[in-house]
Amino acid sequence: MLPESHVQEHFANMEVQRQAARLGMWAFLGTEVLLFAGLFAAYAEYRSLFHETFVLSSRHLDAIMATVETAVLITGSFAVVMAHHYARSSRSGMTCLSLLVAVGTGLAFLALHGIEYVHHFEEGALPGKYYHFPEIQTAGASMFFSLYFLMTGLHSLHVIAGAGVLAWLAWRASSGEFSRGNYNAVEMGGLYWHLVDVIWIFLFPLLYLI
Amino acid sequence: MVDTAEAEHDELSPARSAMIYLVLLVLTVATYSLSRLHLGTWTLVIAMLIAIVKASLVALFFMQLWYHRGSVRLAIAIAVLWLFLLMFFVVADVKTRYPLANPTANPMLVGPSGP
Amino acid sequence: MNELLRNVLFLPEQASTFARKVDSLHYFVIITTMIMSTLVGLTALFFFVRFRRRSETQTTPLLNPPWWLETMFVVVPLAFFLFWFARGYTDYVELKTPPKNSMDVYVQAKQWMWKFSYPEGPNAIGVLRVPANRPVRLMMTSRDVIHSFFVPAFRVKQDVLPGRYTETWFEAIQPGRYQLLCAEYCGTNHSLMLGEVIVLRPDEFDSWLADQRRGRALQQDGAPTADEDVTRQADLVRQGERFAVQYGCVKCHSIDGSPHIGPTWLDLFLRREELEGGQTIIADEAYLTESMMDPRAKIVRGFNPVMPVFKGRLAGPEAAAIVEYIKSLRSEPLEQARSRRPVYEPIRSR
Amino acid sequence: MSPSALDEVGFPEHHYLNAGTTVRSWLLTTDHKRIGVMYLVAVILALFLGGMFALLLRFEHLTPGPTYIDAVTYNRFFTLHGVIMVWFFLIPAIPSVFGNFLLPIMIGAKDVAFPRLNLASVYIYAVGAAFTTWAMIHGGADTGWTFYTPYSTTTSTVVAPILLGIFILGFSTIVTGINFIVTIHTMRGPGLTWMRLPLFVWAIYGTAIIQVLATPVLGLVLLLVGVEHLLGFGLFDPARGGDPILFQHLFWFYSHPAVYIMILPAMGVISETVAAAARKNVFGYRAVAYSSLGIALVGFFTWGHHMFVAGQGVFDAGAFGVLSMFVGIFTSIKVFTWVGTLYRGAIRFTTPFAYICGFLYFLVFGGMTGIAVATVSLDVHWHDTYFVVAHFHFIMVGAALMGFLAALHYWFPKMFGRMYHEGWGLVSATLIILGFNATFIPQFLLGNLGMPRRYYDYPVRFQSLHVASTAGSTLLFFGFVIIFIYLVLALKYGRAAGRNPWGSRGFEWDTSSPPPTHNFEQLPVFTHGPHEYQLAPEVSNAA
């Protein structure tokens, strides 16, 4: 039985609608990449200018916790891939569950990251004029932490947005809305979550490992 | 001429995605441990290579670029190219600029907090 | 021909070597553009008159340009553009590499005024005196926002960045007075930030410089703004030094940066000091005078309050002289910069 | 505003304008045509507001000293003039108004790909405009539309709300860009291959690529200035090691492609109107189509030519200079092609054609001064002087606004089903072209003389040219007022235009004017390109 058509009236068929949604989403992901491009350019410049301070400050960050955060986000990505698979095979119960797992990983990431921020607030490694961290006094240290807070802060905002989208999708999946004929929304939400993961895959080495 | 609609069946199978998930975890641990060796300038190169491998794994399989041809790949390829374009010219400017016009030549810049 | 075109295009007089080169390229570009655009305009006008619509049901032939015409549309303009660029870029590179024998002047831009200081000689506000037929190199920095050193007659412009140095150079070819303007928007009185470049004959310039150094020439240069009257700073600094020894300041304050009973005076001016109470202040003139008159008001962290009170013992001008002396104790970043790295890095050796 | 009576020339009974006349049907519409009309109203408001600030600036320059406003007000006026004209008029003007209205019709689709998102872009534009108006009422920023740091981060004027307003407006541009790209890729009608797309669609496609790829960087850089202004993160603060030139790199990485967002759609309009006015196929369709893409992509490589004297490295100056020359050849291909289109055509002199002539003259003049500025050594003298002001006004007011007016007159019958008064059209066109020349030719000469930009007070020797420029600006202003009057009157009293008043072969002329809500009685099948004037008139797509 063909599910009642979710095709919006101005599209020829479901396949065109899915292709349109996919292209629109990828164009939007392109804008997200370029949004972070400005910050990566700033990082590249200040890293080439204050090389020693950046290496010193990055060594001060907690790389182990960052590795755990990366693993958590990748697990989230995997959960979303499974959700997409279940949605396509009309198992809405499993779709809702894996989406919730993905939201859980997102919240775990934010919690770990919050701990890091609190740690930095305590020791005074803050951006710009708030910087009063005694250990590193060379030029450009406040610049590293300005970039650190800007990049991870903007990324965390995107994690919050992504988790919100996935939670909304999970709620819709719980009412059995997604099926073989109509799983576009899960795919689009998944694409956004994967991009958030890809951005962190680059932030992690740049900030923590060098 | 709508882009070629990809066939239903060759979507990402759960088995393949689980395998890629494990590879990603292994690479994460690898990049962390390699960075602890502090190989100087090489740490950046290695870390970036691993990050590019991980990112393309996620993009090609988790985000199904492997199965969709045409304009979607072009869209994200141009965005990434623009990222490198911006970074290249900004860093080239800083490297080739009149040396005293760089922030590091700031006479007032004693500590991290400036004058 | 040069004068005619210069007047037609409203260009100011060509008072520097660079101006002449730039204007010749300018004329070449403008003339070619005028010829090409009139040709294009006339063909369009001719087509319009010749092929006006005769009847409503008239059909027109399907025409597409042959490949050679298509490539002509691309190649001809590109050839002109790249030739102009090659010519323009070589002039630009010359502008960016000051010749070795050029005379140095340090320019400091501040919100809405220009200050010039010669390496060993005098300072001047708003008026830059340079010798004719000799390259002058300007090392420029700004104390607040971005300004831009622009002398239309020399066709020279260079942004002045806060907290770091940009350089440019020019070689004036004829004596005269040329207006200096600020070309980068810098706030409310951006349009009042004018100055003047006075080009003197070489001998005139040398005698002027000598007078200045001996301090005999008493007339002030340019109109000093209210808050900064120009006394002969060289004298003031020397007086300050004498007072510092006389009143025993140097017994507790070192002048070479070495730690001592009181904070060192080297690089003290405009330094961010961490006080006992935890808040930080910038050591400007007000702080320095206050800590002379009432030392216990602000104690720098890590120093004990043993400084005697000088209120009543130090007269106003004496305190001002000591402040000037403290201001002159800078670790001379300019010299340090010159010594640390070769400043003359010609892209092409001249 | 439903048409009063059914005219004898076949004014359609049902069309998108009277498909629902309650205010709610307009505010919640997802019909791309109504969204286009709503944008038209907003954009014309922005044009007059920005134009009013321009006049205030010009009258201040009548005398060197203070004429009637003080320096801070003057600085606020030129900032608001810049912000309103760039972001609230020029960038949305042709893409959001005519792109929204015509794109689906031209490719034979019922609507854009994401209609609800399209309506959202209108509301995002409104919210952005609200923030900027609020800031304007509270004094507005005095930093110039370029917000150069460290002045923009240290000034005490109201900067943050304007940054927020433009930041929000950026989303409206991105959403429109994504909508157009997806519509062109996935919703072309049967038989409509890429090489049969109208040239206006190619131009809108190129513009959409720039809108999507450039606007995020603007969003980020405004965010950074806002954070720096409010929290002092020190990213551009020279005292903390920050680099003001980094701000300029990020800002111009957006702003140069943004000037192509402004001019590329106007080029698309001119390609359509020249073909219709000369009733001839465009002379080298493929070259014009690909040069639209060329401008869109190569436009991203040239942003450094705004920073030749900013302290940029010599290598970067050279690289950006050469690349700026390459982006110039795409414009020259188009100009030669448009003039070539007139050859052996059947030209009728109408108001759109008058604007085409104005457009061509200003594009060649403005474009060549752009190339002249890109020869690096000349820019040293011209940078930040009135020469550059005249150059970009020649391109923005001369070319982009002429394109907008040509589009407005050419598609007015299709949008509203009525014809404007031809006589008044030609009068206002001449007034605008003369007024424009009188305003901006003196500014070229001011630039040569060395008059810097954004000067409230100026040395006396520049006064005569300033007075001439102010006189010209009043002429220009009256030209716009006349247009506004006769177009509004034509809405009610214009004679019914019928399906195809220009006899054009463009696809949008195959449906009735104004078109029905779903654009076509039955979906068209495309058998040939949009400029096939060699066929007999009655053979057209709608058969």
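Going in written order, the chains are labelled A, B, C and D, and every chain counts its residues from 1.
In this section, contacts are C-beta pairs under 8 Å (C-beta built on N, C-alpha and C of every residue); 3 or more make two chains touch, one makes a residue touch a chain.
Note that the coordinates shown come from a computational prediction; the quantities given were computed from them, not determined experimentally.
Asker: So which has more C-beta pairs touching, C-D or B-C?
Answerer: Spelling it out, more C-beta pairs touch across C-D than across the other pair.
Asker: Between subunit B and subunit C, what's the gap in Å when you average each chain's C-alpha atoms?
Answerer: 41
Asker: Per the centroid of Cα atoms for each chain, what is the distance between subunit B and subunit D, given in Å?
Answerer: The separation of the two C-alpha centroids amounts to 35 Å.
Asker: Based only on mean CA positions, could you tell me how far subunit A sits from subunit C in angstrom?
Answerer: 46
Asker: Two or more other chains in contact with one residue: find those residues in subunit A.
Answerer: Expected reply: 16, 19, 23, 27, 30-31, 34, 36-38, 41-42, 45-46, 49-50, 129, 139-140, 142-143.
Asker: Enumerate the residues of subunit B that touch no fewer than two other chains.
Answerer: Only 2-3, 71, 75, 78-79, 82, 86, 90, 94-95, 98, 101-104, 106, 108-115 qualify.
Asker: Touching two or more other chains, which residues of subunit D qualify?
Answerer: Residue numbers touching two or more other chains: 181, 185-186, 213, 217, 237-243, 245-246, 249-250, 253, 311, 314.
Asker: Please classify the inter-chain touch graph. Allowed labels: line, ring, star, complete, other.
Answerer: other
Asker: Help me check something: in the complex, which residues belonging to subunit D touch subunit A?
Answerer: Within the complex, subunit D contacts subunit A at residues 109-111, 113-115, 174, 177-179, 181-182, 185-187, 212-217, 219-221, 224, 227-228, 231-235, 237, 240-243, 246, 249-250, 253.
Asker: Under the stated contact criterion, what part of subunit C meets subunit D in this complex?
Answerer: My answer: residues 9-12, 21-22, 25-26, 29-30, 33, 36-37, 40-41, 43-44, 47-48, 51-54, 56-65, 70, 73-74, 77-78, 81-82, 84-85, 87-89, 91-93, 95-96, 144-146, 148, 150, 152-153, 155-159, 161-164, 166, 179, 181-192, 194, 347.
Asker: Show which residues of subunit D lie in contact with subunit C when the two form their complex.
Answerer: 71-72, 75, 142-144, 148, 150-151, 154-155, 238-239, 244-245, 278-281, 283-285, 287, 308-311, 314, 317-318, 321-322, 325-326, 328-329, 332-333, 335-337, 339-340, 342-349, 357, 360-361, 364-365, 368-369, 371-372, 374-378, 380-381, 383-385, 445-446, 448-450, 452-459, 465, 503, 532-537
Asker: Name, in rising order, each residue of subunit B that touches subunit D in their complex.
Answerer: 1-3, 71, 75, 78-79, 82, 85-86, 89-90, 92-98, 101-104, 106, 108-109, 112-115
Asker: How about subunit B: which of its residues touch subunit C in the complex?
Answerer: Of all residues in subunit B, those touching subunit C are 98-103, 105-111, 113-115.
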